[in-house]
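Pasting a structure here, questions to come.
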């Protein structure tokens, strides 16, 4: 792990650490003196940087989206910290831990994936089991499944976020099927495991989280319906109607046309899965808003995803223990 | 239980049974002969009835919404069954089982209420526990709580439907709190138990399910916030902020302004409870649509509440067992 | 072509012709006499029919959706014509011209398809050309493409309607590309030819126009994106990005989320194609409304698809020739 | 009244006056010299202030939201005025006139409240009269009723604004009841007087106008329905149905679900009152937009509440007198 | 006034009165006997009629929308009254009082129009006064202004309804201008008098209330902006900007785009006039719903215009006098 | 054409050229030295300017919206170019080419107008032909028609943009009428030529593009319906119903109420014209977004008018020629 992070910089400190180059520009001072202006960042934030001397080589070799190693001093300019760069060079791949540059889950990704494989293994229907285990064991998919965020900004917007979300949904699926005997657990688990598989390629998350061109033009629903269709076609004897049901679960999971589902849920499992997915996503968005500093003791930051702020309940009810200790 | 029900009548059958008078009218035939026309019903449907002789007394004593005992013969007129009434008299209260006239839950109401009391007893926070147990043990409330439907048409639209819905929600609340440690179970249970208490008086369900005038003018959300407020005010030391939280859970449970919630959920438990309530209601609506005869083997009746039909999955996938027997 | 059609029946007429059985029922008269009640139809409408004697055999052999040959007399019952059936038997397949039972295009389907193949042959880009000609020449597709309606009720709701709509769109595509040099004709033609290919299987149109279960659960957009994807994957060297572009054209052609497009048009050709498709469909809906008898001389029947009536311009401006004869 | 106000400061002026501390921060110059940065305000606006010497004590004692007495000099920094503070100390409560710090009505609050009491006294129905006079004469309420704004930003967003709005509505109620004999004046006056009573506690308006936590979680409609319910319950013999009517007037006054009314107006007086309330609020919003400097001679500032600008009619029609002097 | 009206017919009664022919048809009985079937109506409703003998001449001369004089006997057929017609002939124009066939205001139209002229005469601005008095005194307009309904179904849907609505609005305009000194009364009166002048030609109301073709294609807003523009252009010296203001008042009076106003109100008088117009219309719709028999003692008929039922307040509060007698 | 444009200025350059004064202000430095601050612009952008000496006269004579001749030196201040003004004077009208200050079409306006006149001359219906040629040949109109933009920001937002849009629409009208024989070309051409004539006065485009007050209050639809009505009234014998049809084409061309059309298209030509207008406008908006630098190689700038970005197809498909050279 790199040190220090942008959020930890102190005035007058001398540092040597790695950054992602967010912007690069050659400029002149008012007096006409040229300098190299950079914006440098890591997962904790960004900072302005200037290099006044011997920057010609750097200006040539270094580009936006490069990782660099920087030796610099932290100064305050117009009441904001700024780096005066003494030396800068391209970082070597092996020097960089991508986790320093993209926010990521606090959970253990390996364990989460093992849990997911267990859920898949518990699917009883032989075709669905072969489908989900086949996809999860495809190395091309597994690698990305462990890294992908669930979204750019809405919820679980960090590396491993998708996996975290899916494992949570598998757990909810089991609970829902136990509570409502009319629901088929296998379909719920299949929906949970596959419903966002299109996000592996809809999003790009190498150095920052964004959308691929294909992701913009097609969206994860259309992308995953193809991936999963191919996988089903490759399984001999997979019943045609079951294929239709699986595809329906995928394409209806947003629940409403205006959220990009071309069909409304018309199977009970599709209806229930939509609610579980929505619940887990929205609760994650509330959690994220509450985790941010808001400047108000009793309220979270404003959640754009939910269009509101959330109450910090423990603060509002701080005068007494909501749940008595012996009941916890 | 009465016998036969309207849905069981056969042509040329002689019957003696009880009905609710849905309509009453004195008419003349084209030839000027007067007769008494009735529409009679029970929980299974309604039927036209005519009385041609000695109906003067009946015409005087019997009114709309009365229960009557009828001796009649089933005839076919214009291809529809119709009753030719020989004798009719007002039924005595003790002869009538209201359950014959209003649809009702198939579950055991006594057991359900016992379960609900157990959920209430399991609330850890002393004020919330006192609140919910106090309300559930209030005899004026308990009697109605066991009878009330959850709605007129949308979901759980039968006697005992509200109780069934609430017990299901308490179960979901426990599952959700176990799945998401950040959620407070006591608040979820309190929301589940109290969120529709206003429906006890918003609806009337003596002989048919409808709305009271007060229910129309105020709605269950406003009605229950008053009931619950009074109950909280009556508990000494109930913390003021906790009162606000409980009221917020009640008024935000519809989740959106357009569904009649004057505030959006701004507490995580309120957000989650809204989803659980919505999920349980919508799944019940799907279940009800699937239970109706639709004339199409693969599709349910159209659900007005959900704006769609549902697939009969077992019919669509009838060629194989979705879940293999050894996995069930 | 059968004769007479339902719409041509006259009172007291004796007829021998073919019908589709829309409903079949065994009933009793008020006096207890059993009879066979049928609802019979062809593309011009439906009529009640009763068979009073020797119907036992017919009642056994004949079912809903069967084609039958009927000998009957037209009577008036309650001011409506009704058939008194003397004889009825199952029709042989070779006796039936399906065109008598489903509304169909007035154009020559063979010529239309030839035109479509010409448009396909004029595509310049080699991969796109191979794609569209391959699909149109696939016998399994061509047969259905020549029969399919474009919709159940909205527009071009008759056999051959889809083909008519697509050929019209190809023509518009050529005009648009000529008018706007920035547009690529090949993409527009590809969109026109493939954008509703999913309807071949979304709809069923053997004896009446309806939806297949797969069509209801997936919709033609999702269905065709798979068909076309497979066809592209089967063409060696088809560029990956061009595949994405083709799929985007298909999935965005409804133009808005609420009309079931999971993505908005983000390529100029997709934007323009959406407008052309919408224009051709809506004009067809207006045309259909104007073709119906409405009971008002100056207004068309109400178009549910467009939410309005249309003015019969020639009636409103009948006092003069809008376009002078020498200018036509 | 304090002098000068922020809006009256001139460059190079020496001042001694009172301010509200909006922000407080300790900072360093680029050269490392520490200083105290403040943002100071009153009802006319805010200004940056810096204290360079002997600020240690001030930095300790003074906090955000404190009132302070300041001796300073007005300087221009980056073309904006800024205060160079020489001395600062906490103000004593008796030195502060809150009216200097919050915008407030230009009307005489005492007279307005007397008018309101007259309207209340004119209510004919004995229960309604007792209800409204009781509430208005409750000292805990009267004090807040005279101070409360009607909103944070939408309309009448200044101290006394609520009272001004309500008195205007009482006047409108009288006019409406005189114009439409079918309307009951007592109900309209009751609605006018009580419809925003919940705002007394929904908003906080001690030093700035904002929302209380309770106000955010419950909203004034739910809050006032409880206040008014309690007051009605405390009046012996208050008819139950009249209670329901009063509550309906309160909860339906926003007129639409999406504006937070859980029920639509279903009584004529409720319908009319909604229009009067909306009219008075929206006209006040237009008035406020017109009162602001907009930089365009013929147009008001943009009103966020109304989503438009308003024409300055007197400017647009300045070439002639709209109403001739002898007609005014 | 004709007698009896359809709503007053009694079984076995012999009548001679006038009707409007709503439908005419030649039919045969099941036995092949021809007869003339008519649907006859007046402002109170419609009734089926049959003529069995000597109807050949009537069948030739009489058409839909004709007024006829009928001698007939009231019989009951299938429990509904029906006329057995003995004689029928075309009515002479002088025999017909159109008021018997179209619902009309209960007010005195002459007095209402005199009131309207007084309001116009009270306009102070000389150009506006000339404009409104000129239009109201135009005989071609005055005649229609006294007859026109305000709408086909929404509100004031009876002859004279428009005039009633406008006179009410003039009264409201005076009250509003007195209440809000910032409003110009002349503009409000001008708006009230002219805002629906387009309805004189948008609707047709000779024998039934409907829309003209021009009314359908253009709507009253576009129609009246032209009428009023011409009138202003004909007044010498009418200031150009004042013309724009008047037109803006007309075109913005529906208040929202979706209600057909091409511009939102951007002048205070336009904003206020929109509210007054909306209030008067909606209250009239509530009044109309309350005037209908609904079958429920406490609720009005359902108002399609308002999307709800209204409470019969006097019924709900019948146990006491809302306003004590000495206060009325 | 002036030189240099703002976008061409280089640091340390001495220039003498013309600008539009966008802002003017007298200011003091922190040290109290007064100076004249200007914001100067031309069609390529704006730049800050300061005049330190002998600016008293300039400060008096020069105002916002004036054209000035400036002698200055380009300096860099805070990394942005800024003008140090040596001399400034008012420009003479004959020195200014307005085209230097407002963006304008790249097409030859004279040729476009000639094309438009040809389209008008091709109208076959004599009244429509007289109408459109009369309007286009009205010198007061022709001058503005050649200059007007089609919008402030949405599409064709440059001088001559309206003409360019209309000529394109006339071309589309011809293509559509050829493709759909049921459409009347004369009506389509009339709609194309007249549908935005109101924009000539709705917008002002002398020095910048904005709205007139009349334009804001009435909008181009209402404005043009009057202009065109007058022109039709002035043509003897113009059929009344044809007038209605022309007006309907104008007022319905936005296609939906929420886009300001007070009526939906109810004539086939109106429906089709709406689509053509929408298509041409939206494609122009896409074209404009693609013409802007966006910082992303594969995506256009975000189009506010369309709510999305557009793909740069040639970039995304750069690896091969979409259309093979021999097919172009």
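All chains are identified by letter, namely A, B, C, D, E and F, in their written order; residue positions are counted from 1 within each chain.
Here is the rule we use: contacts are C-beta pairs under 8 Å (C-beta built on N, C-alpha and C of every residue); 3 or more make two chains touch, one makes a residue touch a chain.
Keep in mind that this is a model prediction, so the values were computed, not measured.
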Subunit F and subunit C - chains in contact with each: A, E
Numbering shared by both copies at the subunit D-subunit B contact, with half separating same from different: same
Farthest-lying chain, centroid of Cα atoms versus that of subunit F: B
Most remote chain, CA-based centroid, reference being subunit D: C
Centroid distance [mean C-alpha coordinates] between subunit C and subunit B, Å: 43
Residues of subunit C engaged with two or more neighbouring chains: 213, 216-217, 241, 245, 266-267, 311, 316
All touching chain pairs, where touch follows the definition stated at the start: A-B, A-C, A-D, A-F, B-C, B-D, B-E, C-E, C-F, D-E, D-F, E-F
Footprint of subunit E on subunit B - complex, ascending: 27-30, 32, 213, 216-217
Contact set on subunit D toward subunit F in their complex: 11-12, 75-79, 298-299, 311, 316
Residue ranges of subunit E touching subunit F (in the complex, touch as defined): 213-214, 216-219, 221-222, 225-226, 229, 241, 244-245, 247-248, 251, 257-263, 266-267
Subunit D-touching residues of subunit E, taken from the complex the two chains share: 124-126, 168, 171-172, 175-176, 178-180, 182, 184-187, 239, 241-242, 245, 264, 266-269, 271-272, 275-276, 278-279, 282-283, 286-287, 290, 307-311, 313, 316-317, 319-320, 322-324, 327-328
